[in-house]
Structure formats: structure tokens, C-alpha cells
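As C-alpha cells, here come the structures.
Two complexes are shown next, each including subunit A; its partner changes from subunit B in the first to subunit C in the second.
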Partner chain A sequence: MRRISISPPVAAILLAIVLFLLSGFLPNGFGNDINVAIAQATNIVRLAVFLGVIAAGQTLVIISGFEGIDLSAGSVVTLTAILTYVTVKGEDDKVLLALLISLAVGALIGFINGLGITFLKISPFVMTLGMSGVVTGLIIIINHGNVSGKVAPIMTRLIARPLSPDIPIPNAIIIWIIFGFMMWLLLERSTFGKHLFAIGVNRVTAKLSGVNVTVTNLAVYSLAGALAGFGGFLVVGNTGVVFIALGQPFLFPSIAAVAVGGTLLSGGKGSYWGTMAGAIVLTLITSLLTTMQMPDSVRRMVLGATLLVMISIYGRQRGFRQ
Partner chain B sequence: MKRFSWDEMMNRYPAFFAILLLVVALIINFILQPNMFARDTLNSNMRVFLPMILLAAGQAVVILGGGIDISVGGIVSIVNTILATQVGLNGSPEKMWTYVLVSIGAGILAGAINGFFIAFLRLQPIITTYATSFLYVGFALFILPNPGGGIPAEIANIYRNTTPLGLPLAFYVIAVILLIWMYIRSTRFGNYLYAVGGNAEAAYETAVPVTWVIFTTYVASGFMAALAGVAITMLSGSGNAEIGVPMTLTSITAVVIGGTALSGGVGGVAGPVVGAITLGIIQNIISFSRIDTWWETFVKATIIVVALAAPGIINLLRRKKV
Partner chain C sequence: MSVSLSARNIVKRYGGVIALSDGNLDVHSGEVVALIGANGSGKSTMSKVINGVVVLDGGQLLLDDKPVRFSSPQAARKMGIATVFQELSLVPKMTVADNIWLTREPLKPDGMIDRRVMREKTEALLELFSGTFKADLRPETLVSDLHPDEKQIVEILKAISLNPRILILDEATASLDSRQVERLFELVRRWKAEGKAIVFVSHRMEEIFRIADRYSVLRNGKTVGQGDIKDITEKDLIQLMTEKEKVFQFTKTTIAENATGLEQPVYLEVENLTTEILRGVSLKVKQGELLGIGGLQGQGQRDLLLALFGDIPYQGIVRIRGEVVRFKHPRQAMQKKLALVPGDRAKEGLLYIRSILENFLLPSWQKYGFPLKMKLAKRDALAISERLSLVMAGLMAPVSSLSGGNAQKVVIGKWLLRDPDCYLLDDPTKGVDVHTKAEFYALLTELSQQGKSILFYSSDDDELIGLCDRVIVLHDGKIRAELKGASLTKENLIAASMGVSNGGEA
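Coming up: the complex of A and B.
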């Protein structure tokens, strides 16, 4: 007998659609109004962009295997958001500089993570959790209670606003589609992508097949840091304000999004499309809970339970008996 | 006479590095705080260290068995919020001891949930306990959304000021922990634990009940985390759902600098206990050296990362010599 199997990204999209339709029945849901429904759906996808970009780096490190994970992503987002805010100071011509700083700082932090994980054999979870503390310390030093700065009008225009008054598609979604395509090129059509999946499946065989495991591993963590940095740049462009706890709420959902998208948490298998679908599901769940006026405690429990259910479905290791 | 060999010392006594670090930290602390060995100061230091000592001992058992427990901080939070809300500032001693039993039960239950998912469903320990940590902290926030509540001062004072024979209570607790650990090591379970941590597949082949051994380690960790929660509640006298969150990484760090490898099967419980004391003393040094408040988080986090990196750095240096 054949078991019916749906690919995880498709399952995630179906889950998102079902959840969204159910949300229409809430007292303050969209009800019968199709226009309101479309507007709400667009808004949820728009919000999912930020989680989706931050989860991109997470996808890479998780595919790289060896219990790969990046717990410093949340604090990197906060740090680069603050750096962008301070650098731009409301001037359009400094936006590019701020973007480069965000990417470079993120990459540097990721590189340090990679050094610790590759050379000092510290478990990725512990190393990146430790770095998260260090980065939070840096944020406190830079921030010193308050920062002065401002996002540039061009950032708001490119990130937070729709494409044009006639086409109500937010620019953020278009950025995300282009970004998703680039991630696909990176994972499926590049040598780096091949090496990434190879080390995720089995490091020894990858090494024997001529993959430079050390360099690939360092590159993965640096890239993940840079992507988190890019996420910070986007987030501040959307919100226009910074605060110390800006990035941390993205961390746990970013991991859950990867898991929901069907990327194996043991590494070696996964896709960015899945993570994009996962980001939409997670954003939808969070916004549903907010609409239902659930307190923070319930939100956390639901997020924790979601991840637990997802890994129970996809993440089971081989039993001893087999 | 045999020449002193650094390598041999490190190999034969995993706790050697921890003790060395402890002595260095003690000397620095002694210079900054000359009265640290006076009866009152010693007691006030040890009662602050005790929760982490209990937590690290539990974490060590899980790590020895080849796992890791990210949810210990969440369990500490649950216990703290149960005691702070149910006993209250005017509660009777009977009520206190009843709820101490209840919260220890809660800790064992939380550990059993972890153990069920990891041992029976064969999920990855890191990601599973990360998910349950969200569940547990969420539950603690559910019990007590804002910091508050507490336990009666006279009960808290039992913990703070009990010094049998002039020695801090913590010394007796450490002695009990080490005695119990020595007993466990001599039992069949002790052998199983090292076998499972070293190589679970091989242990399974030789008829070790791997599933039950792994399950038991998480229950033990939940139990120890609950004791740590009771201790920290009696120390602080008040409730805060986030109290346990930063303790998780510290407990892992204590285990690592205590010479118990994160890969499992190597080390013991004594090293992590020493590690926990060392980290407490380092914390003391930081507060006595009067560094700028803005820098404190950064310095603390950097020391944690360096401590985590230390065994790896030593390994690297050792390999170069060969």
C-alpha cells in the first residue's frame, strides 16, 4: 500500500490557507467581505517578508547539518537595525552605506560563530547562543539607553509602501520574491549549494568527494549572519523605529518557520520555498493570536507547541531497532 | 620522578581544568574582596551559587547521556512562579512545603515530557528542549504575567541563614549531590549512562535499555531544575517568570568548563559543580571590579563564550604539538 505524501512546502501553504479561512470566522475577522480578506492576506504576506528573510540564514545553517542553528540571528537583527538607523540619519544617499554596514557586521558575527563551531568544535547551538549574549552586550553599549537617528524616506518608500497607488502590492513582497529566486539559485544552481547539501548529509563523504568542509562551514555561518543583517536593515525600514528587543521576537519563529517548511533539522534536506511558506504560516499564527487578544504567554506556548508538532512529524531519527 | 604532563592531567582528570580555573578565580576574587572567606560573606556567596550548582548537576547528567537540556531555565521559571503565586508573601510554612512538593512534581513532569519526545519519539534533544523551553516559559508567564508575588520572609530566611556548624548550607548540599552521584556511578545505571553517552547504537547492541536511560536523564534534569527553582525562589523571595531564562546557557557553560564533553559519555558531575561555583565567582569579580554598567552584559557574555571556547582552544594547541 502506498502512503499518500504531500511535499512539506505544499502542506505548509495548505495549512496557511485553511488557517486564514478559519480566521474569517473570528468576531473581528474579515467575514464575507472579499476585499477586506484580500487586504488582510496581503498584509500577512507583507509581514511574513521580514521573518522570511531572517529565516533564510537559518535555513542555510540548518541544511548544513551537524545540529547547525543560528541563535544569534535575533540580536544581529537588532544590532544592524540600530546601525542602519544611526548611519542613515534620514538621508537617502547614506542608505547604501548602511546596507553594506549591515551585511558586513552580520557577516563578521556569523564568521566568528563559524570559527568557534568549525575550529573549536563548540556545538552551534551553544556557540550562537553565547554570541547572542555578546551581541546584546554590544547593543547595550552602542545604544546607551537611547539612540538618535532616522530612517531615510527612500527606505520607507522601497520597503513599507506599495508598488504604486494603482497596484496595491507592497514593495516588500516584490523584494521577497526576488530574494527567494536568488536563494533558489544559491541552493539549487550553485556549487556552494551542492557543497552545502553534501556536508549536511554526511561530512565524511563530502570531504572524501573533495568538498572543503571547513571553508563551506565558515561560509554558511558568515552568509547566515549577513542575511540576518539584511533582515535587520529591512525591519528598521519597515518600522522606522528601533528598540533593544526589536529582533529577539523573530528568533524562535525563524527556526519554527524552517521546520514547518519541511527542512530537516538534522540537515542535508530542505528548500527556501518551504521556509517562505513556513514564514507565512508562522506570521499568520502570530497575527491570529494577536487578533484573538491572546497574552504573550499563550503566544509562546502555541509557538513552542507548533515547533514540537512539526519536529514530531518531520524530525524523527531512526529508531535503534532498525 | 615522572615529569609533570599537562596532557595526562587533562585526560585523566576532566575536572582538572575547572579546579585550576576555580583557584585563579578565587585568588582574583580574594584580592578584590579580602573578607570573602569570613563566615557571613562565604554564606552569602554560596547561597547565590547554589541554584546554579543544582542546575549544572542535572544538566551534567543529561549531557553525559549524550543529550542536552535547553528547557532547564523554563522549569526553574515554572517552579518560581508556582511558589510565588500559590504560597504568597503571607503563606504558612505548611503551604510552602506542600507547594515545594507540587513544584518538584511539576519539574519531574516537565522532564518526563522532554524525555518522552527525545527517548521514545527519537527527536533531536537540542531542538526538542528548545521547543519545550518556549512551552515552559510561556506556561510560567501564564501563571505570573508580571513579576510579583513571593514567599514569606521567615521561610526565605531558612535558606539564607542556615549554617550548620558554621558552614554554609550549600556545602552540605554539594556533599549530598556528590555522594549520591558516587553511588549512582557504582550502580548498573551509572555504567549504562556512560555507555549510552559514548555510543548509543553500540549500547543498544549490548542490550542496554537505551530508551529508558535517556528518559531517566531528562527526568533527573527536570528534578534538579525544580530544586534549583525552589532554591532561587527562597533566595530572591519573589516571583518572576523570566528568572530562569538566562540560567540555561550558564548551566551548559558550567558543564563544559567542568570538563564534561558536550558529545557525551566523558566527564562527571563533580566538574560541573566546580564549574558552577567558578562562574559564580567570575560574576562576583565582575561586580567588584566596578566596570561601567553599560559594559556588564558584554563582559559577562564574552567570558561565557571564552569559557565555552577554552576546551577547544586547549585541544587545538595540543594537536599542534603532536
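Coming up: the complex of A and C.
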């Protein structure tokens, strides 16, 4: 019998579509009103954008292998969200500055992660967990002076509103599609991406083929930090408010989205399309369970179980146990 | 405690490769038998059969004249057979005492480990080698803090702590200094007198003649000679180890003379290259020369190639076309148009789960700009795969789907794509099928005719003799002999590998 093999991103998207269609039969679902259905679907994708962007950095470090993971992503999101908030102070012309600060601060934190992992040989898990604590401390110090700021109108318009009144596609989704294309360029059409996959599979082979493993590793953690920083900028543009626990809830789902998207957790194989699909699946399940008025405990259980089921299916399909 | 072990007509296959086709060995109480053979003759397989590490496919093992079958090293150990392994079997993050008594810790009545007894017993064992190692080798020292020679001593003590009836020393002297070897031989004589039987596997001819009572020579998986050591000379032993029949027809590559009839210029010059293993190696390679590197495995060939490629630090001077270079990363060596085919293709040469395309292009991506010109990359990779007649499902198939020979073609192909001036080859035909080997030989000839310089280490002596003009033989990190022309014979090659001084013009 020929085995049917579906690539993980496609499997994740199919799962999302099936779940969404089934949700129409719920008592408060969209029923047979196509307009409501489209509106609901659009809204779920819009919500998935923030998780998707934060999970982009996670995708890169997980592909880089050797237990690569970024547990500081959640606190970086909170930090850069706060920094954006206090920098912009409601003025449109400060937005670009705030974006650059978010990217730079994120990249700096990521770079320090990379230094610890590359030169002090601290495992990524421990290094980024420790960094998460340090960043959380920084946030508390900043917050003690009582954050006062405001999101600029242009941010709300660019992130939270639709493209135009006639085209009801939220700008966030447009940003995400462009972002996804850039991630694809980075991973599949750049030397850096090819080297990233190489160090994720086998660092000895990579080095003996001329890849500078040290530089690649430093770059990937810096980039992951910058992407988390970008995530913080987007999140505050959407919520319009900041608080200390803003970023942390994104951390576990950001790792889960990468896994559901079929990226190999041991590194060397994966895609950002997969992570995007994973982010949509997780966001969809969360919002469905919320619609069904399930308590938080049940939501967590269902999300955890989904992750386990998807990963075990992928593991079987590709037959890595040689 | 008299004991005897006989191995009769042992057969052992690894997949399609026959490691042993007719292995024989007899060892009795109170004697030392040397197990001798060239590279790939099956001597390590033979010792693994005796100590239960591998299960034999045919033949018979007789212990005290009764047939036995060992399903595991533990089973062999229970019957009184202990091995000192060449690849160290110690746990680095545990102490010397913990390592020696692992799984056999002395216990107190309440079931807890009796540290005091364990310590005393370990000290008694260390006493055997006292005076030959530094004072920091104590029962409580971590194995990871020890020098290689001290680790080897712990390994020996671990084996002897089992109080075996039969002791196998598999290249146990390789990392010991002369004083330690001396002490080991004193101990061996003592154990012999106590009635132990000892199998001695070594590549040092001088040691074999000092300690062994009898010998057993393996050649190409067959035992070709056994007898008393006093009845045989070094020369005859080497003769026995030397293969007679040839499998391949080789075409020698001689350096093409250039138009003016002058000699080709020197491409690579190495002076006094020293690493952890190499002890002052000097050599010259001309443009278009295929220089063979011979010797038994682990004599520094790998270090030589890795140092030249900038992967490991070294002392000494390396010149390329007269210009002094000092590579700190393989990338710099690649920029100077060097290429390395590493010895372990799975661990060092390939990205197993990635596609054939990506493996071919890994060293070359920079050439393809941004965004990468994938069409061009695919065309280049396809051209190389056709040149190498690679058998594959397609460029996007993972390398893990290829056979050994085809996977090795990918390792070589990724360098062909860069058209280097100099190839460093670390045993490229190991584990490669006969047909692919023949293709490789043709490729090597072709490359050297194009004026590429090649350093070619091979564990297959026939290849070296058949393909190269000149072969240097490494032994213990030094060039033991340089063989060329009439002196390039199998006898001389094996003699030099074994450290015999009259082999070739050292």
C-alpha cells in the first residue's frame, strides 16, 4: 500500500479548515451565513498574526539545532511593547523610531543569548530562560516609574484596521503575508538560510564545508531577538495598552506553533509557512474553545493534546528512526 | 587454572562485506599470542568475536575444548575473558574507582556501596603501575581529568580487576610511553606465570617480538600463518601479511611534464607540522601529483589533512605555491582552492536529512547571489551528478536515500563544483562498492592530469601502490618512510606501517 504523505504545513492548514467548518455547527457558530463565516475566519487569521510573528524567531533558533530554543521571546515582547508605548507617546512621527528601538533592543538581547550559547557553551534552554528572568526584572524597573505613554493613531490604523473600507482585509494580515515572504527568502533563497539548515543538521559537516558556525549561530539568536522585538511592536499596536504579563502568554504557543508546523525540534528541517499554519491552528482552537465557553483549564488541555497528536503524526510519517 | 581458547574457521559478515572468512586463533595458559595483520585484515573483528562484542556468522569457538557462544561482552566476561579496548570504554564524568568497579561495586551489608573497600582495592590496582604515572592519578580522580596514557592504564586495570583467565590487549600500548609499556610487559610476564592466556594485538613489530610467544597472522579475513615467534623473522611476518593477488588493474598517474619538459612546480610545502598526534611532518607535493599517504589507521593521517585544511591548530609552516599560509578556518583554505573529503562521510561530510542538491551546493552558495539563483544552482548540481554518474531519485531526494558509494560521490561532488587546485582525501574509498571504487580511480587520474595536486590517504594498500607515484608512510605521528619507484612495494609499505626501520628509504 502506498503511504499517503502530506507535508506538515498542508496538514496543519487542512486541520484548521476542517475545524473551522465544524465550528459552523456550534449553537453560536456562523451557521449558513457565508458573510459571517468569512468575517470570523478573517478575524482568526488576524489574531494569529501576532503569534505568527513572535514564532518566526522561534522557528529560526529551532532550525539552528543543538537544542536551540528561545525562552526569552515572551519577555522581549513585553519589553519592546513597553518601549514602543513610552517612545511613541501618541505621536505618529515617533513610530519609526519606536520600531527601530524595538528591533535593536530585541537584537541586542538575542545577541547576548548567542554569546552565552556560543562562547560560554551554556545550553540554549538555560541561557534564554535566564535571559527571560533578567529582561522581566528590567521591565519591573521600568514599570516602577509608572509607564505613561500612548499608541500613535497611525499604528492602530496600520495594524488593527482593514486595508480600506471596501476591502475588508485587516492590514495586519497584509503585513504578515509580506513578512512570510521575507522569511521564505531568508530561509530558502539566501546563503544564510542554507547555512542555518546546515548547522542544524550537522555542525562538523557545516564547518568542513566552509560554514562559519559561530557567526551563523550568533546571527540567528540576534535575529530571533529582533523578530521578538518586532512582535512586541505589533502587539502593542493592536492592544493599545501595556502590562507586565503582555508577552509571556505567547511563549508556549510560539514553540507549539513551530512544532505543529512540522519544523523538526531537533533542528535542520522546517519552514516558516509551517509555523504560520501552526499559529493559525492554535489561534483557531483557542478562539473556538473560548466561543464554546470552555474554562481556561480545558483550553490548555486541548492545546497540549493537539501538539502531542500533531508531532506524533509527523514523527511517524517521516520515519526518522533509521 | 589452566585455560585454552580456540577459534576455528570463524566467519563474520557486516552486511555484504566479509570481514572474516576463515579466522583461526589458539591461545593457552601461560602464553602470549600476537594477533597480526595489515589494515582491514580482520584483526579487530577477530578480537571482537573472542570477547563477544560481535556474534559470529560461522565457525566455532572452543573454550577449554567445549563449544561456546557469546551473546554479549558480559557473557564472555563471565567465562573469564576480559578486553582492554583501544577505543576507551571509560565514563568521563566518573572517578577512576567508580569506572573500574562499575556494576561490580563492593557492597556493605545494608546494600550501600562500600567506598572504603572500593578505594583500597583501587589503590592496590594502581600500585601495579606505580612510578610510571604522575601523582594525580588517584582513585577519586575524574577520568575526564586524566591524560590519554593514564586513561589507558585505568582501562588495563579495569580489565585485570576482573581477574580474567584470558586477557585481550587490543592496541593497549598505543598511547603508553616506553616506561609504561615496560611495566605492562613485566605485568604480562607475571600474569603469564600465573596461568593467564593473553592475546596481544599491536601494530608495533618491535613489541610483538619482545612479548609474544606465538603469532597468528590474518590477511584479508583469513588466517594465513600461525607458529612460534622464535621460528620467524620480521621479514617473513611481513611477507605473510602481504597480499599476493590483485583485484584491480590500476593506471599509475605520473606527473605530466609541462610543455618545456621541465618538472612541475611545487604546489604545497609542509615543514615540521606538529599537532597533538603529528610529531614534525615535512613534505612537498608538486602540481599535478597524486601523493599517497599510507600507514595503519590513526597514525596521524587524519590530523595531517585536517591541519592543512585549517580545521585543527598546528605548529609548523605550510606554504602554497611558495606563500606561507596559516588557515584558522576551513573557509580560508577553501578560498585558497583547497578541498577536503573527510574520513567519516556520515558525521563529517554530509547533511543526511537534507537534499542532494543542498549537499552539493553547501560550500558554494555564496556564488549564487541573493536571492539565490536556484535554476543555475540546479543546473550546476545536475551537471556534477551526471559527471559522477550518480544514481539518485532526483536532486531533491535526501542524501539518506543514497547507497554508500553514491553518498560518497556527493561528498566529492560538492568540491568538484568549486574546481579546487588541491584535494585532501581521507580514505575516500572506505565502505564503497567495487564499481564506484573503479570510478573514483578514474576520477583521481583525470584530476591529476588536469594539474590538480592530491593528497590521498588510503587504508587500502593496493590502492596506494596501484595509483600513486610516491607514498609517504606515517607511523606514530612521523613519516616512517617515503616509497617511490622500485621501493614502492607492498612489503615495504607494510613494513613501514608496522614501524620496521629497514622498510624503504626512511
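Heads up, the rule we're going with is that the second predicted complex is superposed on the first by the 311 of 322 C-alpha atoms of A that agree within 3 Å, B and C clash if a C-alpha of one lies under 4 Å from a C-alpha of the other, contacts with A are read in each partner's own complex, and residues count from 1 in each chain.
Just so we're on the same page, a residue touches a chain if its C-beta (ideal position, glycine included) is under 8 Å from a C-beta of that chain, and two chains touch if they have at least 3 such contacts.
Small disclaimer: the values here were computed from a predicted structure and weren't measured.
S.K.: Which partner does A:A198 reach: the first (subunit B), the second (subunit C), both, or neither?
M.R.: After superposition on chain A, A:A198 lies in contact with subunit C alone.
S.K.: Does the superposition put A:E67 against subunit B (first), subunit C (second), both, or neither?
M.R.: So A:E67 only meets subunit B here.
S.K.: Per the contact definition in the header, classify A:M127: touching subunit B only (first), subunit C only (second), both, or neither.
M.R.: Only subunit B; A:M127 stays clear of subunit C.
S.K.: Using the touch definition from the top, say if A:G116 reaches subunit B (first), subunit C (second), both or neither.
M.R.: Touch partner of A:G116: subunit B, not subunit C.
S.K.: Could you look at A:G137 and tell me whether it touches subunit B, subunit C, both or neither (first, second, both, neither)?
M.R.: A:G137 contacts subunit B only, not subunit C.
S.K.: Quick one: subunit B or subunit C, who's touching more of subunit A?
M.R.: Answer, by number of touched residues of subunit A: B.
S.K.: Of the partners subunit B and subunit C, which touch A:L218 in the superposed model: first, second, both, neither?
M.R.: Touch status of A:L218: no partner.
S.K.: For A:A55, is the partner it touches subunit B (first), subunit C (second), both, or none of the two (neither)?
M.R.: Neither partner.
S.K.: Does the superposition put A:S209 against subunit B (first), subunit C (second), both, or neither?
M.R.: It touches subunit C, and subunit B stays clear.
S.K.: Need the overlap of the two footprints on subunit A, from subunit B and from subunit C, as residue ranges.
M.R.: Correct list for subunit A: 320.
S.K.: Would you pull the subunit B residues touching subunit A in the complex into a rising list?
M.R.: 68, 70, 117, 121-124, 126-128, 130-142, 145, 200-201, 204, 210-211, 241, 249, 252-253, 256, 262, 294-302, 304-305, 308-309, 311-313, 315-316
S.K.: Using the touch rule from the top, collect the residues of subunit A that touch subunit C in their complex.
M.R.: Within the complex, subunit A touches subunit C at residues 185, 189-191, 194-195, 197-198, 201-202, 204-212, 264, 268-269, 320, 322.
S.K.: In the complex, go through subunit C and note every residue touching subunit A.
M.R.: Residue list for subunit C touching subunit A: 309, 311, 329-331, 334, 340, 342, 347-354, 358, 361-363, 365-366, 368, 370-372, 374, 400, 414.
S.K.: Using the touch rule from the top, collect the residues of subunit A that touch subunit B in their complex.
M.R.: For subunit A paired with subunit B, touching residues are 67, 69, 116, 119-123, 125-127, 129-131, 133-134, 136-138, 140-141, 144, 252, 255, 259, 265-266, 295-305, 307-308, 311-312, 315-320.
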